[in-house]
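Pasting the structures here.
Common to both upcoming complexes is subunit A, partnered first by subunit B, then by subunit C.
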Partner chain A sequence: MADISLPRRLPERRAALISFGLIVLIWIAARQFDLVDRRFLPSPLEILERLRYELTQGTILGDIGATLWRNLIGFGIGAGAGLALGAALGLLRGFAAVIGPTVVAQRQTALFAWVPLLAMWFGGNDTGKIAFIAVAAFQPVVINTWQGFAQVPQTCRELSEALLFRRRDYIRLVALPAALPAIFTGLHGGLIYAWLATVGSELFLNIAPGLGGRLSEGSQLFHIDLLFLTILIFALIGLAYNSLAERTETLLVKWKRP
Partner chain B sequence: MSLTDTGANASVSVDKGAFRSGPAGLSLFGRRLWARLSAVLLGLSFPAALLALWWVGAARGWLPPQILPSPALVWQTFTELWADGSLAEHTAVSIRRVAVGFAAGAGLGLIFGALCGLFPGFRAYAYPPVQAIARVNVLAWMPLLALFVGIDEPLKYVVIAWSASIPVIIGTVRGIAETPERLNELGEVFGFRPQDRLRLIVLPSALPSIFTGLREGLANAWQTLVLAELFASFEGLGYLMTWGRQLFQLDLVLISMVVVSLLGLSLDTVLKWLERRAQPWNAGGRNG
Partner chain C sequence: MTIPALRLNRLSKSFTVDGAPVEVLSDIDLTVAPGEFITIVGASGCGKSTLLRLILGLDRDFEGTLEIDGQPVKGPGLDRSIVFQEHRLLPWLTAERNVAAALLRSGLSRADKDRTVREHLDLVGLGDFAQAYPAQLSGGMSQRVAIARALVNRPRFLLLDEPLGALDALTRLRLQDELKRIVAHEKATAILVTHDVDEAVYLGHRIVVLHPRPGRIAEVVEVPAAARADRSSPEFVTLRDHVLAQLGVQTPARGKVAA
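On to the complex of A and B.
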C-alpha cells in the first residue's frame, strides 16, 4: 500500500509528471488525428462535457449518493459485527478455540463467491447488496481486531494482573489501547473491501441507481464518456477513503507516542 | 487496492496455551499431542454443530429448501455433478483461465518489475502511471475492457493477468530496490560482472519479496476469476454459481462455493511449499 504513492524526491516527481503529461498528450493527439476509433476513446473534453451534462440534467449525484448510502450501511453492519466478534475472539480464549478456526477457514472463500448465495438469501435488491458489502467489510475487521486483542504484550497483562485490575478496567485501559492500531488496520481494509463490494454488487445484482449501474449502462450502450467518467469517480472515492483511513491511522500513531 | 493486500498475511493460530493442562501423568510428547488434538477437536466442534443444526433444521422443515436445502440433497447433487463429469469440466475451465491469466500476468509483471527495479531511470517514468492504474480495482475496468476485447475468453485472461501482475510488479520492484547496499558494494569489491551480480546478489536478496508478490498475485487471480465469471461467462465455477442462483438451486451454489474455496486454498498451499523449496536458506519463509 505504502508503495503506491507519488515519489517524494523532486527529480522522480518531475519524471512522473512528464510521464503523465506525455500520456495526456498522446491521448489528445490520438483523438485529434483520428488514430483510434473515436467510439473507443473519448477526449478529455468530452468527459468534462459529460460531467457537466450529468450535473445539470443527469442523475450522477443521485447515483453517487445511492452508492455511498449502501456502502456506509453495509460497512457499518459488517465492521460492527467484525469488531464485536474480533474482540470476543481476542479476549475469550475458549471462544477463540471453538469459533476461531472456522473464522480463519471462511476467509479462504473468494469474496465474490458470496454474491450468488447472499443474493438467494437476501434477494437482488438493496438488502442483498448491503449483505454482501457487510460480508466484505467484516472479514478484515474481524481478523485484525482478533489479532490486536490477542497480541497484547505479556508485560502489560502481567502488570494489570499485579495491579489487580478488574476485567473491565483491563479491557478499557490495557487491551483496547494496545489493540487500537490493529483495529484501525482492519477498518482500513474493511473500508477498501466494502467499496469494492459496493460497486461489484451494483454490477452483479439487480440494476438500481448507483455507480455500478452507470458502469453497466456505459458498457452496454457504448457511452464511452460515461464509462470513463464513472471509473474516474469510482477511483476518486476509493482514494478519498484510503487517505481518510491513512490520516486517521497517522493521527492515532501520534497519539500513541506523546 | 487489491483484494488481498490488507491483512492477507494475518493468520491467527489458536492459542495452544489454553489446553496445556491435559490429563495428568502424560509425557511431554503425550501432553503436546493432547493439546494439538483438543485444539483440532474444539475447532471442529463449531462447524460440526452448525452441520447438525442444518441437518435437524432441514429435517424439521424450519426453512424452505430454496433458502437452505438439506445436506442430503447437497450431497446428492454433488455426486451427480461428479458422476456426469460436469463439475470436473467447469473446474477445468476455471483452472485453465487462472493458469493462462496468471502465467501471462506474472510473466509480464516480473519483466516490468525487473526493468523498473534494475533501471531507476525507466522506473521514474514508467512506474507512476502503472501505479495510478493499479489503484483502481480491475472490477471497475472490466466494463471498459469488455468493450475492447469482448466478453469471451480474452476478457477473462486480460482481467486475471491484470490483477495478478500488480502484486508481482510491486514485489519485484520492492525486492530489487531493497537489495542491501553493502552487498552491492561487496560485489563491486569482488569485481563481479553485471550478470554475476544479478545472479549472486540481486536475485537471492529479491527472491522472498518476489515470491510474496507471486503468491498474492495468484490469490488475486483466483479472486478475479470469480469476478470475471460472474460478470459474463457460460462455463466455469463462477458460472455454475450464477446458474444455480437462477435455477433457485442453492445446492449448486453451495457446492461451487466450496470447490472455489478448496481450490484457492490448495493453490496457496502449493505456492507456499514452492516458496520454501526455492529458498532453502530461508527455510521458515520470511512471510511464513
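On to the complex of A and C.
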C-alpha cells in the first residue's frame, strides 16, 4: 500500500498532472460535442456550480463533518483495540497460542459480511455504523501489530539477554521500535479500510446526514452533479489520509533514513 | 598463575538434531589467567561460537564444569560482554544510546553514564559520531560502536565472536591493532574466536586450536612476544605455518627456500 503514492519528483508530478488534465479535457469535449447522454455525465463546470451551491446553501460541510466524525471514532476504537490485542499476541507466546487462531480466522471473513450482524447487534444508526468501521480498522491493525512484535529478530532477543535487559527495557528499546514499521503499515491499512467501511456503512445502514447519504440522494434523485461531487470529496479525503499516514511514518521512523 | 579467571573442565555440549544428539563440543579443558588474551581458531562447525555462548551464559545446557573465579556460570552477567560478528546495534538508537543501552543495569548515575559512554566512544575513535544512527555508519565504524558497547561496563571478560570477520581486509588490520590496544588498556581478559590464523597469532597470548565434529582442543600454543609484536617476524611466520598445518593447510617448506 505504501508503494502507491503521489510522485515526489517534479517531472513525474508534472506528467501526472498532464495526464489528469487530459482526462478532464476529454470529459469536457465529450460533453461539448454531445458524445454522451448529459443526464449521466455532468460537465466539470456543473460540478463546480454544485459545489458553490452546496457551500452557500447546501449541507455538504455538515455531511463531511458527520462522515469524518463516524470515521475517526470508529477508526480510533478499532485501531486502539487492534494495537492492544496485537501487542499482547506478539509479546505473550501463550496468549498467541490460545487466541491467535481465532484472530487469524476472523481476518479471513470478508469485511462486508459483518454488516447484517452488526446492524442486528448495534442497530442501523451511528452505533452500528461506528461498530462496522471499528471492525474494519481493527483487522489490519491487529494482524500487523502482532506480526511486528512477534518478528523481532532472534539476534535482537539474544542481545537483550546479553545486555541483561529487563522485560520493560526489552519492550521499550527493542520490541516496540522493531515493530513500529509494521504497526504503521497496519494503521495505514486500517485508515483505508475504515474509510471504505465508512462509505459502506452510510450506504447500507440507515440514511443519516453524511457523504454516503448524499450519494444515495444523488443517485435516487438523479442529481448526477451531486453524485460526482461526493465521489470527488471521498477521493480527496482518502488521498489526504494516505499522505498524512506516510508523512507521519517518515517523521517517526527517522532511523530508517540513510 | 594465580586463581584462574576462567576454568573449563571436561566441558561438553550436544544439540538434538532430528531427535538424535549431536555432540558439538567434547571434553574442553582450558584455564585462563586474568588479563590473558586467548584466541580460538578452527574450521567452521567446530563449536567456537557455541563455546562463547556457554561462557556468556546464554546457554546453560551443557556437561562438565564452567567456572568464573571458581563460581559456576549461571547466566549472563555484567562481568562478561560480547561482540558478535555482525555489530547488532539497534538501528533506531544513535551510536551513543546504543552504547548506553549496555549500562541500564550498571547502577551508575546519569552523569556517570554519560561520561563513561563518551569516554568509550572516544576510545574507539568515534567521539564525533555519538549522534549518528547505525545506518549512517560504515561497517567498521558500526563494529567499533559494538566494541565500545561491550567495553562500557568495564567487563572483566571480553568475548569476541569473529568480530572483524565481516570487515574488509584493511579495516580488519587497523581494528586488530585497536582491539589489542583497547584490551590491554582495559586490562580485560579476552577470548577471541576467529578463523583468521594471522589474527589469532597477532592478538593472542595463547592460541587454542580446535578440531571439528565434535569440537575438541587439538593444541594450545603459547605465542612468543616477538610473534605478537610484528606480523613479519620469523616467529610470527613460523607459528602461523604451524597453526595452519594443525588445521590441515599445507604451507611451502620455508626453511629450504630461505637457504
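We take it that the second predicted complex is superposed on the first by the 230 of 258 C-alpha atoms of A that agree within 3 Å, B and C clash if a C-alpha of one lies under 4 Å from a C-alpha of the other, contacts with A are read in each partner's own complex, and residues count from 1 in each chain.
We adopt the following convention: a contact is a pair of C-beta atoms (placed from the backbone, for glycine too) under 8 Å apart; a residue touches a chain by one contact, two chains touch by 3 or more.
Computed from a prediction, not measured in an experiment: that's the story for all the values here.
Of the two partner chains, subunit C is the only one that A:V174 touches; subunit B does not reach it.
By the document's definition of touching, neither partner reaches A:G65: not subunit B, not subunit C.
Look at A:F204: by the touch rule set out above, it reaches subunit B but stays clear of subunit C.
Within the superposed three-chain model, A:H188 lies in touch with subunit B and out of touch with subunit C [touch as defined at top]. Of the two partners, subunit B and subunit C, it is B that touches more residues of subunit A. Counting contacts as defined above, no subunit A residue meets subunit B in one complex and subunit C in the other.
Taken in their complex, subunit A has these residues touching subunit C: 155-156, 158-159, 161-166, 169, 173-174, 177-178, 180, 253, 255-258.
Within the complex, the subunit A residues that touch subunit B are 1, 3-7, 11-12, 15-16, 18-20, 23, 40, 89, 93-94, 96-102, 104-105, 108-117, 119-121, 140, 143-144, 146-147, 150, 185-186, 188-189, 192-193, 196, 199-200, 203-204, 215-216, 218-219, 222, 224, 227-228, 230-231, 234-235, 238-239, 242.
Only residues 1, 3, 5-7, 10-12, 14-15, 18-19, 39, 42-47, 66-67, 124-129, 131-132, 134-137, 139-144, 146-148, 170, 173-174, 222-223, 225-227, 230-231, 238, 241-242, 244-245, 248, 250, 253-254, 256-257, 260-262, 264-265 of subunit B touch subunit A when the two sit together in their complex. Of all residues in subunit C, those touching subunit A in their complex are 56, 58, 76-78, 81-82, 84, 86, 88, 90-93, 101-102, 104-105, 133-136.
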